[in-house]
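Residue numbering begins at 1 within each chain, and the chains themselves are lettered A, B, C and D in the order written.
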Amino acid sequence: MNAMIWQVLQIILVVALAPLITGYVRWVKARLNGRRGPSPIQPYRDLYRLLQKEAIVAHSASWIFRAAPYVTFASVWLAACIVPTFTTNMVLAPAADLIALVALLAVGRFWTALAGMDVGTAFGGLGASREMLIASLAEPAMLMVTFSLSLISGTTAPGQIVAFVLAGNVGVEVSLGLALAALVMVAIAENGRIPIDNPATHLELTMVHEAMVLEYSGRHLAMIEAASMVRLTLFIALIATLFAPWGIAQPGAGPLGVLVGMGAFLAKTFLLASALAVFETSIAKMRVFRYADFLGGALLLGLLATIFLYVSEAV
Amino acid sequence: MNQQFSYDIAHLIGATVLMAGFSLLYQRRLFAVLNSFAFQALALAAAAAWQAHVQDAPHLYFTAAIALLFKAIAVPFALHWLVERLGIHRAVETALSIGWTMIVGVALVALSIMLVLPVTAAAAALTRESLALAMSVVLLGMLMMITRRNAVTQVVGFMALENGLILAAVSAKGMPLVVEISIAFSVLVAMTLFGIFFFRIRERFDSLDVAYLESYRGDRS
Amino acid sequence: MLIAGALLSLPLLALFAVLVGRRDAAHSITYAGCFVASIALLAGGLTYLGGHDASPRLVLPLGLPWLKAHFRIDNLSALFMLMINLGAAAASAFAVGYSQHLPQRRRVTPFFPLFLLAMNLVLMADDAFIFLVSWEFMSLASWLMVVSDHTEEENRKAGNVYLIMAAFGTFCLLPAFGLMAGPGGDFTFDAMRIKDLGLMGGFLVALLAIMGAGSKAGLVPLHAWLPLAHPAAPSHVSALMSGVMTKVALYGMIRILLDLHGTLSWHWGAGLMLVGGITAVMGVLYAVLQDDLKTLLAYSTVENIGVAVIGLGLAIAFKGDGQTELAALALVASLYHMANHSVFKTLLFLGAGAVISATGHRSLTVLGGLLKRMPWTGTAFLVGAAAISALPPLNGFVSEWLILQSLFKGPAMPHWAMKFGVPVVGAFLALAAALAATCFVRAYGIAFLGRPRSTDAAQATEVSFGMRWSMVVLAVLCVVLGVIPVTVTDALSHAVQPLTGVQFAVSADLGWPWLSPVSATRGAYSGTILVMFGLALFAIAIFTVHRLGTQAIRRADPWDCGHPEDIPQTQYTSQSFAQPLRRAFGHTIFQARETVVMPEPGDDAPATHKVTMFDPIWSGLYAPLGRVIGWIADHVNRLQYLTVRGYLLMMFLTLVFMLLVVAVRQQL
Amino acid sequence: MSLDALIIALSDNPLLLILAIPLASAGFLAVLPGWRLASWLNIAVSGATFAASLSLFSHRPPDTRLLFIDDFNIYLVALTTFVGFTTAIFSAGYIAREADSARLSDLHLRFYHSMYQAFLFTMLLALTANNTGVMWVAVEAATLTTVLMVSLYRTREAIEAAWKYFILCSVGIGLALFGTTLVYLAAQPVMGDGADAMAWTLLIKQAARFHPDLLNLAFVFLLVGYGTKVGLAPLHAWLPDAHAEGPTPISAVLSGLLLNVALYALLRFKMLISANPDTLAPGPLMILMGLSSLFLSGFMLYRRGDIKRLFAYSSIEHMGLITFAFGMGGPLANFAGLLHMTMHSLTKSGIFFAVGAITQNGGTKRLNEIRGLTVSHPVLGWTFAIAVLAIAGLPPMGVFMSEFLVVSSTFARQPLLAIPLIIALLVAFAALIMRLQAMIFGAPPPMPRHAHGQQTTFGTVLAYTPLLLHVGLVVVAGLYLPAPLVRWFEHVAKLLG
């Protein structure tokens, strides 16, 4: 019964928290740039305003164009519900593991990319093709991270991994570090942050994600934006949960434990968000065709992470 | 007369056939080739007759007669006539120099002796050397067909080969069908000559060099 | 009885098609007959998949006199009968309409039933002779259909390569069976099962079986014929060849390696797994760069075969290492993927066929915007594309999930080769899966979305009833197979149990909808639950959005960053979409080079952009082979033009040589 | 002695009938004017011979010193008479169309028919003779008759082919005779003088006591001698041209029958060798020649421009395969060899029937001028395709069965020997398939004026019937072999060791 409650709480939490995190990152970046910047809750207002505007759909667009925002949002949302944030005791936990998580993100991407090509403009295709290039390298990298985690903990279910780590059978491992690095690179790529993409730009040579959704407006755009916000939350939560699970509530923990878990989660989340902001302000965007090297690096790190397990075993 | 003597005579004649085979290889002039072939045929006839006498197998006399009349007389004359009629130039065109031909020939004889003598230890003594000799004659005939260019010499080589076969056949004690076989061969030879002559009168080929005859050689793709 | 009747009806249908092939109706009737027959065979397969071990046998006085012809349907055969005849039924139903406006259809229809017959016989064969006869006859029938449109030069080339490679495969399997049968020549499978091949024998059999069956299945580098032959055939045949015939090949591999060949060491599994990984990646890399829709699908078949073979290799490795539980898991995963692939690849090829019959084009660059003109085809194709891209909740994801799960267990084996090999293969597999998604986003986006790039595409109309529904049924099947995974794995475990010795079962402590191999805590997946929650969230999202905001929609011209062009050519083409991938992957592997010629200012010549690529495997392996044969042939051919004297010399030398041999051997 | 043998034999013996019919008709046809009647008579006579040969199945005549029938030659006799019969049917149609195109004079045709029967006679004699010498004479006579028929067209190419054929085979025959003499010498100490030492039926019983080394020596000469006639590389040179330049019916019987007869002679002697424990195994030599033939013909196929030479080389290939099989020995391989002999002669003669029709329809023998047969002549084209696929070794045709047995049994015993075999077979297969596709597919060339392809004249019917018959038999045999045939094969396989 508790599991059900926590699950619902989690479903609401991820959606509710997502705009705040995005806004917080923007705010911190503005501060670091020496601007006052919009308040962290600005994204809520933006989304609401977008919902009020009428949606404009191109003549050439098919039903895919209109379905895509909802499907994307739903799939990302579903993915976010699986990642344990404050407790691992949730009904959905066994329904999908990290592999399914990766696949759910892929669903969202699939539809966004199709939507980008649906109208039949040059920009849409450009965005879609670049997005898919990034994905075709980021996804394997993330799977390799999953692989190494499952090799360490013997499971692919995030909840079980957390339990395993908290049980303290994991010391500081080289491969864990590598996996973390890989996951961070993937997260950057998947969320279209600098240096891969710049969510704030509309300069056609550099934009990826924005180019895909160029044709969207009104509530459709709102869905797309929300989806990317949730995705950011998801990744932050994922990193926090998998690599720093301390404080998270285990099955059997009472409401108090859950409360502690919630606090710990929020703390970790905003810490990571600030780190992201600092990172983004401190480096520059890279050329489109260097993505391959960047993400290939991520994939390689993931592979090394698995290999290193045995190296450390062997020695 | 005692066995041994008859064997020796048989071997003597066989050796003569072989010598004739070598002299065939040795000749440089066409007519000389024909003559030494005639001589070989003569020797063969003698061998056949002697075997007929020794094994008292009368049918071998018939073989001897064929060898004498057909090979030793008719064929050489026919070839003479052909050569003159067709105006074939009289020198033997060799593909392998005569000296080398002789050396190879000797090697072949050595080979056949090495093969046959240990083998026929059990066989009737009569056949022992004769078989070795016959085999060498066969190989020499083939060698001649290979190393001599123009058709007449090749035909002669073929007939020499065949002489070797007949020699083997007659010296095989009591072998039936020798007559039929020698007749069959005579037919072959006749056909060869006929063929040569036939092509000629059809005015198809200017010379009888078989290599020339193969100028088409089939299937140009 | 049912099965026998269906099998017998097939040759009669072929005869019928030959005799009255002039009439239009004859073709529809034939295909309808094929549809009925394959449904019957499907039913037959279902009845025998029950897992009862009394698998029916039949011995006919045909084939080799002292051997006779043995037939048997065990669980494995029954399972594959399901896969095969499902695709066959769909393809036949599709062909009823499709064959009507097919050029050269008289060269296709008669062979189609024979093709079905041959494939089913391969599955039922219980001795090596019948197996190989059916196997080769299968190639023969499909070859005739590949070259059906024989006036096209490249089709004839495809036919050449195909039949020759098929013969190569047979000449690999033949000695393998010979070795298993032994000098005595008892070719029945029962005799082979109990025979113990030595170390060397086992090695040779495994190698030959992998090469022989692999060449038919399309393992790199023996795949060369596949992307040539599959597109050359009419689409309903391509669907069968890609979706179904490759499964027959894999069936052969499983039958030999896991059933007949008793003693496999884990090395073979490791090797096969690696080959599968390479095949998967190479196949999808080829696929993602293709412009011809059917060639693209053919290459993606290569990829999926690679994925399935990874699972198969793992199963062999686990079995060879004695971990039968995991072997069962890996084998189930592999079989699951085969079944899925036979569904969605058939669907996709039929979709391609629909596109061709509607537009007359196969090249992506002239298509576009078909979804609005062919909603049924477009939607069905979308489902297929999503499924083959391994997106949940469709079937493609489940099998890839299972394969990954079994792959993650790979390092549990106490061999360093596996410990280090498995992660690499895992990386290959992940890469392949991701690239497959890219490939099909590209294919679907270019062909079905955007604006039509040619008038043919603009005037396309939806295909006829039968074609439409054969696709829709397959699409539904894609969903069903994905949503109820546990039911499927239970069915598969019937076939797996005799091969691995243990029954594959999901752990009990989670229950039906949860697919949780080995143990509940090792990670689980439940398509059912996921779909329910997903739909719920989807509904909530739409509801709240429509609650909070307006529902107003305004149709307008595309904005396109402020400067819209209504020339369709300004859209991204298949080539431009592939460009980043070409730069990232093609540059090294395919030597992809781009040359852009920009005219000088004032020069009104058009700018040109040319891409040059070359196929490393073809130009590295097959072309040299052809050159070598040609060289030898040229030199041998001189023997045709010698003189009589020359030939006499050859004769003489032969004689002397043999005499010398005898002389020497007598001295010894 | 041979006289009383004759008298014994004369007491009702279907064999004599089988031999007498073609011999007599050869004489009769030689004087019969008018080719139309002659060609019909030819059919009738060959049919009669075939019928007579069928009577052998019901009861076997007793062995005589002159003739005999056993499990080995009974089916070869039947096969020979059968193919002789079908070829006669085909030749009637062929000759009719040749006569229209006026390439052959009346005299030539009369000569042709007479020689055809004479040829059948010599082959049947060679098969049934119970005497090594008689068999030799018969084979030689067969050579002569075919030489005459190959040179029938009197074109430069035909005469050259005939000349090449004549010279090479005469030498080969000569060597074979030497081998025969050696065998006699080996037998003579045991069996005593005279015909007994040449009678198969007696030799095989005593062979164990012959002098082994003499047999070895003999076998070399026999292999080279009869091997020339079989067309084993490198003794094959006569075969392609003789096939290509003669009339197509002759090519059919050359490939279908003569090669088999020569091989039969060789195998009889191999029986003697293998019946003698002390001899050197003849296997390696035969395997060597078989492989060389396989490789040579396999590569030769790629550069052929003439359709008849193409299939002549494929005959060399298959003779090589058969020789290889017998060289391997053992029940499986021998069975496969015997089966392959039968299948090959049926298939290949069928192919030559088709080739005859094709060349007459299109008026050319050049491969690159033959296109789109399945379009221009559907029945002919597809039947031809089936026949070629069969000879290429694809199921469900009979050749596949024998190739299956050869390759599998070889690999089971000598993997290293099987590998070159497989490679050679693949090379040849590829060549044949490419050629086949080029011939039966693509757009057909415009019909030359003297081509009566489309309207089915009676001649074309005559030409197609035997073709369909042969292909049908081959397809059936691929799925089902009659029991008695199998029994004979198995028995002979045992004898061949």
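As a convention for this text, contacts are C-beta pairs under 8 Å (C-beta built on N, C-alpha and C of every residue); 3 or more make two chains touch, one makes a residue touch a chain.
Everything numeric in this text was worked out from a predicted model, so none of it was measured.
Visitor: Quick check for the class: compute each chain's Cα centroid; which one is farthest from the centroid of chain D?
Guide: A
Visitor: Measure off the straight-line distance from the CA centroid of chain C to the CA centroid of chain D, and report it in whole Å.
Guide: A distance of 44 Å separates the two centres.
Visitor: Report the inter-chain centroid distance for chain A and chain B in whole angstrom, where each centroid is the mean of the CA atoms.
Guide: 99
Visitor: Using mean C-alpha positions as chain centres, tell me how far chain B is from chain C in Å, no decimals.
Guide: 69
Visitor: Taking the mean of the CA coordinates per chain, how far is chain A from chain C in Å?
Guide: Whole-Å distance between the two chain centres: 35.
Visitor: Please output the residue numbers of chain B that touch at least 2 other chains, ranges allowed.
Guide: 115, 118-119, 142, 145, 154, 210, 213-214, 217-219
Visitor: Where in chain D do residues touch two or more other chains at once?
Guide: 163-164, 167, 171, 175, 213, 217, 240, 303, in rising order.
Visitor: Determine which chains touch and list them pairwise.
Guide: Between chains, contact exists in these pairs: A-C, B-C, B-D, C-D.
Visitor: Okay, in this complex, where on chain B does chain C touch?
Guide: Residues in contact with chain C: 95, 108, 111-112, 114-115, 118-119, 139, 142-143, 145-146, 149, 154, 210-211, 213-214, 217-219.
Visitor: Mind listing the chain C positions that touch chain D in their complex?
Guide: These residues of chain C touch chain D: 61-66, 107, 128-129, 132-133, 136-137, 140, 147, 150-151, 156, 159-160, 163-164, 167-168, 171, 174-175, 177-179, 181-183, 185, 187, 204, 629-630, 632-634, 636-637, 639-640, 642, 644, 647-648, 650-651, 653-655, 658-659, 661-662, 665-666.
Visitor: Please name which positions on chain C make contact with chain B in the complex.
Guide: Chain C reaches chain B through residues 640-645, 648-649, 651-652, 655-656, 659-660, 662-663, 666.
Visitor: With touch defined as at the start, can you tell me which chain C residues reach chain A in the complex?
Guide: Where chain C meets chain A, its residues are 368-369, 371-372, 378, 382, 386, 389-392, 397, 401, 404-405, 407-408, 411, 416, 419-420, 423-424, 426-427, 430-431, 433-435, 437-438, 441-442, 444-446, 449-451, 510, 514, 516, 520-526, 529-530, 533-534, 537-538, 541-542, 545-546, 548-550, 552-561, 564-565, 568, 570-572, 576-581, 583-584.
Visitor: State the interface residues of chain D toward chain B in the complex, per the touch definition above.
Guide: Residue list for chain D touching chain B: 2, 131, 133-134, 136-137, 140-141, 144, 147, 156-157, 159-161, 163-164, 166-167, 170-171, 174-175, 177-178, 181-182, 184-186, 188-189, 192-195, 197-198, 211, 213-214, 217, 240-241, 244-245, 303-306, 309, 367.
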